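The chains carry the letters A, B, C and D, assigned in the order they are written, with residues numbered from 1 in each.
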Amino acid sequence: MAALTDSATTISELKNRVLAFARERDWEQFHSPKNLSMALAAESGELMEHFLWSTPEQSRAVAVDAVKRQKIAEELADVIIYALEFANVTGLDVAAAIEAKMAANARKYPVEKARGRADKYTEL
Amino acid sequence: MAALTDSATTISELKNRVLAFARERDWEQFHSPKNLSMALAAESGELMEHFLWSTPEQSRAVAVDAVKRQKIAEELADVIIYALEFANVTGLDVAAAIEAKMAANARKYPVEKARGRADKYTEL
Amino acid sequence: MAALTDSATTISELKNRVLAFARERDWEQFHSPKNLSMALAAESGELMEHFLWSTPEQSRAVAVDAVKRQKIAEELADVIIYALEFANVTGLDVAAAIEAKMAANARKYPVEKARGRADKYTEL
Amino acid sequence: MAALTDSATTISELKNRVLAFARERDWEQFHSPKNLSMALAAESGELMEHFLWSTPEQSRAVAVDAVKRQKIAEELADVIIYALEFANVTGLDVAAAIEAKMAANARKYPVEKARGRADKYTEL
């Protein structure tokens, strides 16, 4: 069976898989926006737990430690699954929302002012 | 300019846009896995703030209130942008990670046992 | 050995215990505000996981289920331990900060306007 | 009016103030454990936002920057207010819960093994 890859998979395909999984189990009754936002935040917390005490630089080593990578891939998957299911139940188009948000971010963080700086746009 | 839509946009296309945005601003130096996991969790918290005091049922009304929808779309976009950038810097394939995690979830939550139940798999 | 109780324990006593625990283990090097804020958020996520799929009403039953209570007490302890250690390393006085914040909240949410309403102060 | 301080304020005094504030506004109906755990996690995310892009070392400078300190004190106050209200509605004794958790932590992280190490107890 061919595995999915980012270059050959649309957002809709992933959204549909996530929705089908919930429907098959009659879980849509639990999937309110409130509950899904909690699950998303809780899973984000679990991903973060892998990096609590490391420095930012040390955290980059994750990308090359095979055992950690596997765990982190699972946590990231959980995060995105809940984000996609949130989009499903609220009828949001993820790609359109990201395109619009990035356009707004580009106005707040023009390249010439933001380059190399981590400051908030209100302080640029 | 044609807008992006979930049905015509691959994960890679979104990942590439997010990466290009950071590269143009020389922000990769700040985008360690540690920092991105924090940003992702912080943005998840902001999404959640919209639903703190509503009941799960009330939170479904979000899908039809135009003003709220716009704000929630922005928060969700922030969440997914950071999740995709996390995948970028760690070299993870999102679609493959989700496919693998859903296969594992299907084993933990077989349809016949999990149907209509919100219990953790250890309690099914 | 006498157990601690909320009515006979000052904030300082708890802060000192938490600080001594970290010092004995030479953990102050890891306890930057950044790292402690992450640990605090991650532990908050774990507390929240106990309530993902229950309704608000169902979540009140926690207070009377002995097994769940024990787990939730542990999660809440983790949250407050990190909050107190954050106060330790930043030199903040928790009681003074809470007194000041509650005074500000009282101005934003006057009793006569806020009674029985969950709206944000900007919408009262 | 005398200000509160950590050395002269018991946990119960703070808990009672937080509870009175909610009661006066008839907010107990919103303060289910589920909702309070969400509010706590959301406020933890706001505290964390102050440290997203700084290094752990840079985040220590917070303790001496007066403007930032004020904001961070407010975020920390929000976190602890919700934690105390959570304890109120679930009937948990914070000091007892912390004492018990620290005793358990001391067993998991004996001084001689844990000194100077940020590893999880399962890896010591």
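In the analysis below, a contact is a pair of C-beta atoms (placed from the backbone, for glycine too) under 8 Å apart; a residue touches a chain by one contact, two chains touch by 3 or more.
Nothing here was measured: the structure is a model prediction, and the numbers come from that model.
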Given the pairs A-C, C-D or B-C, which one repeats the contacts seen at B-D for over half of the pairs?
-> A-C
Since chain B and chain C are copies that touch, is their contact same (over half of the numbers shared) or different (under half)?
-> same
Note: chain B sits from chain A at a C-alpha centroid distance in Å of 3
Which integer distance in Å separates the CA centroid of chain A from that of chain D?
-> 27
Overlap residues in chain D, where contacts from two or more other chains coincide = 30, 35, 38, 41-42, 44-45, 48, 51-56, 118
Sort out for me which residues of chain A touch chain D in the complex.
-> 38, 41-42, 45, 52-56, 118
Contact footprint of chain D on chain B as seen in their complex = 30, 35, 38-39, 41-46, 48-49, 51-53
Counting only contacts in the complex, chain D reaches chain C at residues 3-12, 14-15, 17-18, 21, 24-27, 29-30, 32-35, 37-38, 40-41, 44-45, 47-48, 50-51, 54-60, 62-63, 69, 72-74, 76-81, 83, 86-87, 89-102, 104-106, 109, 111, 114-116, 118
